[in-house]
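Report on one structure; see the data block that follows.
For reference, chains read A, B, C, D, E and F in written order, and residue numbers begin at 1 within each chain.
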Amino acid sequence: MTTERGFFIGRFQPVHDGHLQLIEQIAGEVDELVVGIGSAGDSHSVGDPFTAGERVMMVTKSLESLSITTYAVPIEDLNRNAVWVSHVQSMAPRFDVAYSNNPLVVQLFTEAGVEVRSTGLYDRDHLKGSKIRQLMIDGDDWRQYVPAAVEDVIEEIRGVERLRQVAEHDDF
Amino acid sequence: MTTERGFFIGRFQPVHDGHLQLIEQIAGEVDELVVGIGSAGDSHSVGDPFTAGERVMMVTKSLESLSITTYAVPIEDLNRNAVWVSHVQSMAPRFDVAYSNNPLVVQLFTEAGVEVRSTGLYDRDHLKGSKIRQLMIDGDDWRQYVPAAVEDVIEEIRGVERLRQVAEHDDF
Amino acid sequence: MTTERGFFIGRFQPVHDGHLQLIEQIAGEVDELVVGIGSAGDSHSVGDPFTAGERVMMVTKSLESLSITTYAVPIEDLNRNAVWVSHVQSMAPRFDVAYSNNPLVVQLFTEAGVEVRSTGLYDRDHLKGSKIRQLMIDGDDWRQYVPAAVEDVIEEIRGVERLRQVAEHDDF
Amino acid sequence: MTTERGFFIGRFQPVHDGHLQLIEQIAGEVDELVVGIGSAGDSHSVGDPFTAGERVMMVTKSLESLSITTYAVPIEDLNRNAVWVSHVQSMAPRFDVAYSNNPLVVQLFTEAGVEVRSTGLYDRDHLKGSKIRQLMIDGDDWRQYVPAAVEDVIEEIRGVERLRQVAEHDDF
Amino acid sequence: MTTERGFFIGRFQPVHDGHLQLIEQIAGEVDELVVGIGSAGDSHSVGDPFTAGERVMMVTKSLESLSITTYAVPIEDLNRNAVWVSHVQSMAPRFDVAYSNNPLVVQLFTEAGVEVRSTGLYDRDHLKGSKIRQLMIDGDDWRQYVPAAVEDVIEEIRGVERLRQVAEHDDF
Amino acid sequence: MTTERGFFIGRFQPVHDGHLQLIEQIAGEVDELVVGIGSAGDSHSVGDPFTAGERVMMVTKSLESLSITTYAVPIEDLNRNAVWVSHVQSMAPRFDVAYSNNPLVVQLFTEAGVEVRSTGLYDRDHLKGSKIRQLMIDGDDWRQYVPAAVEDVIEEIRGVERLRQVAEHDDF
């Protein structure tokens, strides 16, 4: 009997409870899970404050209690949609099924002959990277929406300070 | 007597009757024609649904009845305007004159010492890539605006289905 | 009935009679043929004297008498074997079968699920790019090994002069 | 006693009197000054009309009367904020302190352990690249806002003509 | 008390018992370990047969029994030594000390102010990627030199077959 | 009367007295001189120990006593010979004549329509980057072959220590 491996991709700026809900659901369907960290080369901006390595930490530590083997793999943007699936496949352990609701991702995997399954739903009104980053900038309570392990990582890297600094306007 | 070779560039998303009109006109002035397929690395997006190879097919098959030798050459974006002409010249058969109305293209070829000629006019109200792609998305009649060979290519690659899928909104 | 399209790749530095023999053989088995021009970004060196565009001309003109539709497509090196097949597929019209005897190319297409067929044999003692380039450098008779159309292209671009110049040693 | 070297970066499209004021001020605080020319690969657009080399000329000639040694170094965009400081450091002579008011630049240098000092203020209502470029396009008096040496460079390269051409709309 | 995190890099073509010995030793000195997988973009060659993702699997599964948290992070070559440390730091969780005996790696980390410690020694006569790959090609017993988990991965991906194929000579 | 500007390129690993002799000779023939620093992205290797920025310092300081305006411009390798001249031209102030004895450089500039002049001769038995680097590694007297300003730069950056370290063999 072979191992069934699933693939799930996100930008994880930062990892939040919505990601965790989806991943836990997927973890119930597969034997192993590869988590792709998209736009891996981006960091230090309002939309993408955290480096790939920082997001590898967030993902790894948030998923440590899962019973299945997980892999956290940075995926740099290539800006070549037509080779994106191959790029992902070369950076990730071989996988059998991709989980996504993103129309482009669905199309690319489908054209490449990879099975795609929809992910579940979660509370997108609060659990959204852009909203959580805004809470960080405004000094509001972002901690309620992320796993405890993510709080620790953001503290260790002084992530809120970085985000606030790069969100400032050029003031001279 | 030497061969005069012309150059014409477009994104060809997709090839339409307006392109064909211009190219037929140019074909009357030169001995051979190089057709550059711009933004060759882009595909699978609303603005650029078709791959370079699919557009090579569209161009080649649409021009098969022309009496002059034509070349269809993909040109990847370099994002370096200052080296763009050299990049084009290295990917294309040597040419004597570039046909373009695009102000940037005119400037770049002129600075490089390449003769530039204006292209003719055509009905831009209907013959425009963005309008034809919208017809595809909306399920309206796009076929009347493209050569029959282009219809066949888009059918073969299931191009309308791809375009509609990537035009969908992320719905979860 | 669908069109069967074949794919054949080479560096074509320059196109010679051996290439022509293989391509004519392949042309008897498929409906259309895509010719990939490898290492498209290389030129002006002893091993790769001719630009992609110059090789597009050589291929196109050498194959003009073939009865099937052919496409000549430059393929730039990516230095990422794992995404090479996707890169080729995005630059080339869709193809059903790849013709190659190169072990790496065979492996890459096979892993990607593309059918691979061996090409035939030809006289590799004389019909080899490196030997023909040496004849050019030495001022010996290279013309007997290439199609007439290739002679014309090399003349037009002053290719032998270029090759001899870049083959010179730094003499100060 | 070691040399203290400062670093100042801008896009310099074109160099104007505001740049000169800041640089003269910095020149009073350090022994040598490295001027980074950002987005070095961009040119021939409305926002970035001049090449890196043209901007090297503007900077070098504008600063010729300064009593300290200055270096003008093109810095190409990497689109990887996390490695940007190393990229700058590898292209520039070693420097001790970076002068910037840009929040992202401040953050990146600070995380890398490089001392950052704020630059002074100047009349941003008139001395701003975008405003000066608009004056050029409109045929108004841009010369009053740039050093005389910059006027000469722009004349030599026919810079205003270029900017006006690339600012035109596609009119067919 | 803060976590001390170590960094160790290799090409892991494939992971073998020598790697494992070093890593177990390092694991005794730090709280967490980041394993960098070098030349991540290389694969399908005699020197680098396995993809980054396949090597992520080998590393992750070989280290599953370690008591400390480990991260397996692909590091693509940049061919820019001067920015290599920043590149590594952006792809990896923040680390305090790098383990390496490689003179270049030692120099680069030292210049960047990162503490470097030597790794231990092991039996390099047998435990060497190039030797193990040769055993695979020759059909000899390579399994004795790699962890059991690595055997499983290589089986799953049909790695020996791939290596033998790309090691063949072009025979036509 | 227009300014005549010359261009001279080298890798300058490091700048030595032979470079200086050639440049002084060229300086007698032109009004301004652009010095291109080739392979700008390479550093920290036995063949290319110094960064672009360090070589900018060497060139600038060695030429400070010249009476003409000089520019030191890093030129990164593109590995695309066919666009190399445009790349150089975009990074350098506009120049009228290129000085080179390198056959490839001569060919590329000639094809691009740039006037090329031969450089003079100098004592290549001693004044050669590879020999001077070997003296550094061996602890012999390299200082006699380089300008005093270059000695200072290499001291400041601890260049000999770096070169010796990267020249070491992996010894475990």
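Going forward, a contact is a pair of C-beta atoms (placed from the backbone, for glycine too) under 8 Å apart; a residue touches a chain by one contact, two chains touch by 3 or more.
Keep in mind that this is a model prediction, so the values were computed, not measured.
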| item | value |
| --- | --- |
| Where chain A and chain D overlap in contact partners, by chain label | B, E |
| Farthest-lying chain, centroid of Cα atoms versus that of chain A | F |
| Contact-pair overlap exceeding half with A-D, pair selected from A-B, A-E or B-F | A-B |
| Per Cα centroids, the chain farthest from chain C | D |
| Contact-richer chain pair [A-C vs C-F] | C-F |
| Length of the line joining the C-alpha centres of chain B and chain C, rounded to whole Å | 25 |
| Chain D and chain E: spacing of chain centres that average the CA atoms, whole Å | 43 |
| Rounded Å distance, chain E centre to chain F centre (Cα mean) | 37 |
| Of all residues in chain F, the ones touching two or more other chains | 41, 43, 51, 80, 82, 89-90 |
| Pairs of chains in contact (touch as defined earlier), listed by label | A-B, A-C, A-D, A-E, B-C, B-D, B-F, C-E, C-F, D-E, D-F, E-F |
| Chain A partner contacts - residues on chain E that touch it in the complex | 2-3, 34, 40-41, 43, 51-54, 56-57, 60-61, 64, 69, 71-74, 76, 89-94, 156-157 |
| Residues of chain A defined as touching chain D within the complex | 41-45, 51, 162, 165-172 |
| Chain B-facing residues of chain A, complex | 79-82, 101-104, 106-108, 111, 118-119, 121, 124 |
| For the chain B and chain F complex, residues of the former touching the latter | 80, 82-83, 85-87, 89-90, 113 |
